[in-house]
Amino acid sequence: MRIAIIGLGRMGANMARRLAGRDIKVIGYNRSPEVAHELAREEENITAADSVAKAIGHLSPPRVVWLMLPAGAPTEDHLRQVAERLEPGDLIVDGANSNFHDTRRRGEWLEERSIGFVDAGTSGGIWGLENGYCLMVGGEKRYVELIEPALKALAPAPDRGWAHVGPVGAGHYTKMIHNGIEYGMMQALAEGLALLRSRDEFGIDLAQVSEVWRHGSVVQSWLLDLTADALARDQSLEAIQPVVSDSGEGRWTAIEAVEQGVPAPVMTLALQMRFASQDQEGYPARLLSVMRNAFGGHVITKR
Amino acid sequence: MRIAIIGLGRMGANMARRLAGRDIKVIGYNRSPEVAHELAREEENITAADSVAKAIGHLSPPRVVWLMLPAGAPTEDHLRQVAERLEPGDLIVDGANSNFHDTRRRGEWLEERSIGFVDAGTSGGIWGLENGYCLMVGGEKRYVELIEPALKALAPAPDRGWAHVGPVGAGHYTKMIHNGIEYGMMQALAEGLALLRSRDEFGIDLAQVSEVWRHGSVVQSWLLDLTADALARDQSLEAIQPVVSDSGEGRWTAIEAVEQGVPAPVMTLALQMRFASQDQEGYPARLLSVMRNAFGGHVITKR
Amino acid sequence: MRIAIIGLGRMGANMARRLAGRDIKVIGYNRSPEVAHELAREEENITAADSVAKAIGHLSPPRVVWLMLPAGAPTEDHLRQVAERLEPGDLIVDGANSNFHDTRRRGEWLEERSIGFVDAGTSGGIWGLENGYCLMVGGEKRYVELIEPALKALAPAPDRGWAHVGPVGAGHYTKMIHNGIEYGMMQALAEGLALLRSRDEFGIDLAQVSEVWRHGSVVQSWLLDLTADALARDQSLEAIQPVVSDSGEGRWTAIEAVEQGVPAPVMTLALQMRFASQDQEGYPARLLSVMRNAFGGHVITKR
Amino acid sequence: MRIAIIGLGRMGANMARRLAGRDIKVIGYNRSPEVAHELAREEENITAADSVAKAIGHLSPPRVVWLMLPAGAPTEDHLRQVAERLEPGDLIVDGANSNFHDTRRRGEWLEERSIGFVDAGTSGGIWGLENGYCLMVGGEKRYVELIEPALKALAPAPDRGWAHVGPVGAGHYTKMIHNGIEYGMMQALAEGLALLRSRDEFGIDLAQVSEVWRHGSVVQSWLLDLTADALARDQSLEAIQPVVSDSGEGRWTAIEAVEQGVPAPVMTLALQMRFASQDQEGYPARLLSVMRNAFGGHVITKR
């Protein structure tokens, strides 16, 4: 199988490597061409292309172009560029963390042009190269079958870790909610560990506890494995800023829950705690202090 | 009616003034005796006492001693001191924000000594002197009747703002939950106002909006009145620290909800947001950043 | 002043009555014309119109047409119908609970046609007729001035309860967040009262407590007034379904908080608790039971 | 090594089996003696005892008695019975889900009698027999060393899944918080899966998705493994009641967070959602419906 990958950032490059290492020919294009050339030098099965057009030129029908770009404008722009150069029956795969509403709209737009579209929600982060990626795939059956060799190569094993979960949009939708769950699990773990260290009289060693929980406990999880590993190196976390970023997927999950009228309190609250960590001003807290002072004469700490 | 008030802090002194201004004779005792003497100079109906014993000495059976002390040890200690000097049929009133479990225990202890006990949960803060206090009273009917003149004087009006809500403990219990509701309402208001100012393109004036909401809207409330007043003076809140204190009552409400198995998510979350504002270290946020880095290679902001 | 009101539902009819009672001439149009005719019989200052066109025909430049329709399609459709019949310099007011994004889009569309647009977020519900409405108004100054007599008549007092809070959209935005706060306050009150009745040994009378809190307490609020009134009639609530509806505004507030990255945990959670009350199936709870059984062998209650 | 186990319920019996299977002699006592006798017939290394006294009689100093009883009164009662029959230098281990405050009190009480005490928080549920248990152990070093052979036998591997985490109480404390995290993770997973099935147009198969997430995704976890397994059998969950029980540990974690002033919003909310599932009456929802009706005239669904 032969496949063009547009976008060779951390995710795209590693996916190209994994595909190439499993006998899939990859044509790689990246905005900064040296990245593609370096990859091509590194892996026999990767060929560098200096433009989207040239990348597509390396393919023969049915062509498969896999986008691994940031969601939003970069994905939108390249999808249109690619579509202009494809023919009916060819296929675009979007492996980004795109919003599923965008994905559905793009799927309809491509369908009008008889170009196939598959959304491949991809989890696994920097560990995917070695461990394989979890792939949640949406689209028409015939198009998903077209990329089955690639899916089997990217997944942890040919028969595990990838699935055709529904029509166009269902892949990104499933990935989106995966991330919402991830937010909730992470927050639960962080809260628990923070509480665990609050009792000085126990002097609990978080590195030890997170390690012991990895074996036989109910909270065994990959997030715990990573956390135990990080805490083993340093549990003071003094060098880390107490600010947590969030990404589109966490926000979209919260919005989707509201739009569907489905309660998702823990996933949503986990997101809001990240917002709170990002808020350096603390206006609500100031306001509450002022209110307390106003009714109770409680002392306000002035700066 | 004649009543001894033990503890002339902000609340106790104002309550003494309100009682005295409504023809109730008050014997005031305070750890720092000058406070009592100053009050006595200010109000004809207030007499200063230099010790608990002397304060009680001014009373005749059935004696009524009203404690207005910080909850916990100060209330416990003085209650025991007072009880030693009272006789069967006399009455102790606890107007503090005591935990209702303590109140019930104290009620049983006093009952063994045939001394009456009434818990008077008191709301109204610094505005109570002028507007009257809201009094939630627990205890036996005969004891509550004994202090009815005082309750009528302290309340906003003789027939409004005070009630005998149940047996010993029920007064403090009602006041505790009142405060839990207060936490939730305050948090809702603070969140809304903070969100309202987040859209620069609208340039909304919080002083104006909080003022307009005071008339005809569904969120009309005393908390809004106080907030509008504070925002009219300064809505930057730049001089205020973004740290909100909490008191026993908010915590006890959250614990009571857990012990009763009753969902109280909003009241509890309002409390937890205060905890978050008090947490200068941000360990959970640091941990989350480390986890994100561990699985996704996301950049961590180092200090 | 003369004004056409399109939509004479509960809100529109009462606003027409209040305007008419304060010497503003109202032309009323309603899909079911008998409603308009009945109002016209009832109030001297109200004239019924049998079509939008006829309603507008009663006005002279600068014409003012006030929409009081359900948000979404009904408002959109009528706004377009009305706009076609207006001339440059005329004004449309939207008094519905419209989404502020729609409002901004409509404002731009009308601006291209040189027709003024004002969004008047309106609170007060069924009590507005008697007590006056709280009006949060967005738009250009000259258009807001045009309807000042109407705003003064609708508000609780000419100088209170209405404000020009910002450009087009700001009025609906402010009203939206007002409702978000309302959700949080209501939930806090409901949780507190439910907890208050959970201790059988206290036998607390919620009608009594909610009434007493109305006088001198920190939780004094209009919502409490209404609640006390309802509980005085029946505190068993046995005839009421335990299902709470939600409206667009609560949802939009939650979405806006996510889009702005502003923590609004209590307002959002209040909404989610309504979703939970609407969920008759309880799939998450079933799933949790199954998980507990799977790791702990905990008994599952089968139907 | 020789050890007496008091309490052969699901957990105790399996632990006895695992110990016996790894060459540790177990004296088993159970209130219903037939359980002990059956175990003894099943496993060569298990001896049945018909009373606590007889069980202890089988041991020689330093004696080790391991309690595997329900937390609260059963543990308290048996601990006292056992203590009366032990001598200085002997050791009691509490493997129950006891509250750490009780554990500390018991530790002090036993220390006065020179009897050792170790709290062994135990996770692993019904899978522990096969996979090994995760053991979080508190107590003095010399006593923990005394039971090291048992800990190594019970854990998934001799050097993994058990740890001496601190002084008496620290073991139960760590287990308590482990369960708090578990509540949060479970709730996140349940919310996500419920949301995933809410979009009919995607027709997502939860069995398929939960299975695919097990390989390469960020939410890989033992809870997910169990969930995928259950959903593979039946994802309708029609036979399951939408009611989730909670246990002491989840509640104590929430209370501890409040008492420590540490924000634990997600762990706490997960607990409260269980409470909500247990609430068949829905009083808060009824109250909210009544309030909506009172201010907005919104229709109430009557039964």
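Per-chain numbering from 1; labels A, B, C and D assigned in written order.
FYI, a contact is a pair of C-beta atoms (placed from the backbone, for glycine too) under 8 Å apart; a residue touches a chain by one contact, two chains touch by 3 or more.
Predicted model, so just to flag it, every value in this text is computed and none were measured.
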| item | value |
| --- | --- |
| Label of the chain whose CA centroid is most distant from the centroid of chain A | B |
| Between B-C and C-D, the pair with more C-beta contacts | B-C |
| Same-residue or different-residue interface between chain A and chain C, half as cut-off | same |
| CA centroid of chain B to CA centroid of chain C, Å | 34 |
| Whole-Å gap between the CA centroids of chain A and chain C | 39 |
| Centre-of-Cα separation between chain D and chain C, whole angstrom | 48 |
| Multi-partner residues of chain B (at least 2 other chains) | 125, 187, 189, 191, 194, 218, 222-223, 257, 262-265, 269, 273, 276, 284, 295 |
| Residue numbers on chain A that touch chain B, as the complex places them | 10, 125-127, 186-187, 189-191, 193-194, 197, 222-223, 226-227, 229-230, 237-245, 265, 269, 273-274, 276-277, 281-298, 300-303 |
| Complex contact set, residues of chain B against chain C | 123-125, 128, 131-136, 138, 155-157, 160-163, 165-167, 169-170, 173-174, 177-185, 187-189, 191-192, 194-196, 198-199, 201-205, 208-209, 211-224, 253, 256-257, 260, 262-267, 269-270, 273 |
| Contact set on chain D toward chain B in their complex | 218, 246, 251, 254-255, 257-259, 261-265, 268-269, 271-273, 275-276, 278-279, 284, 295 |
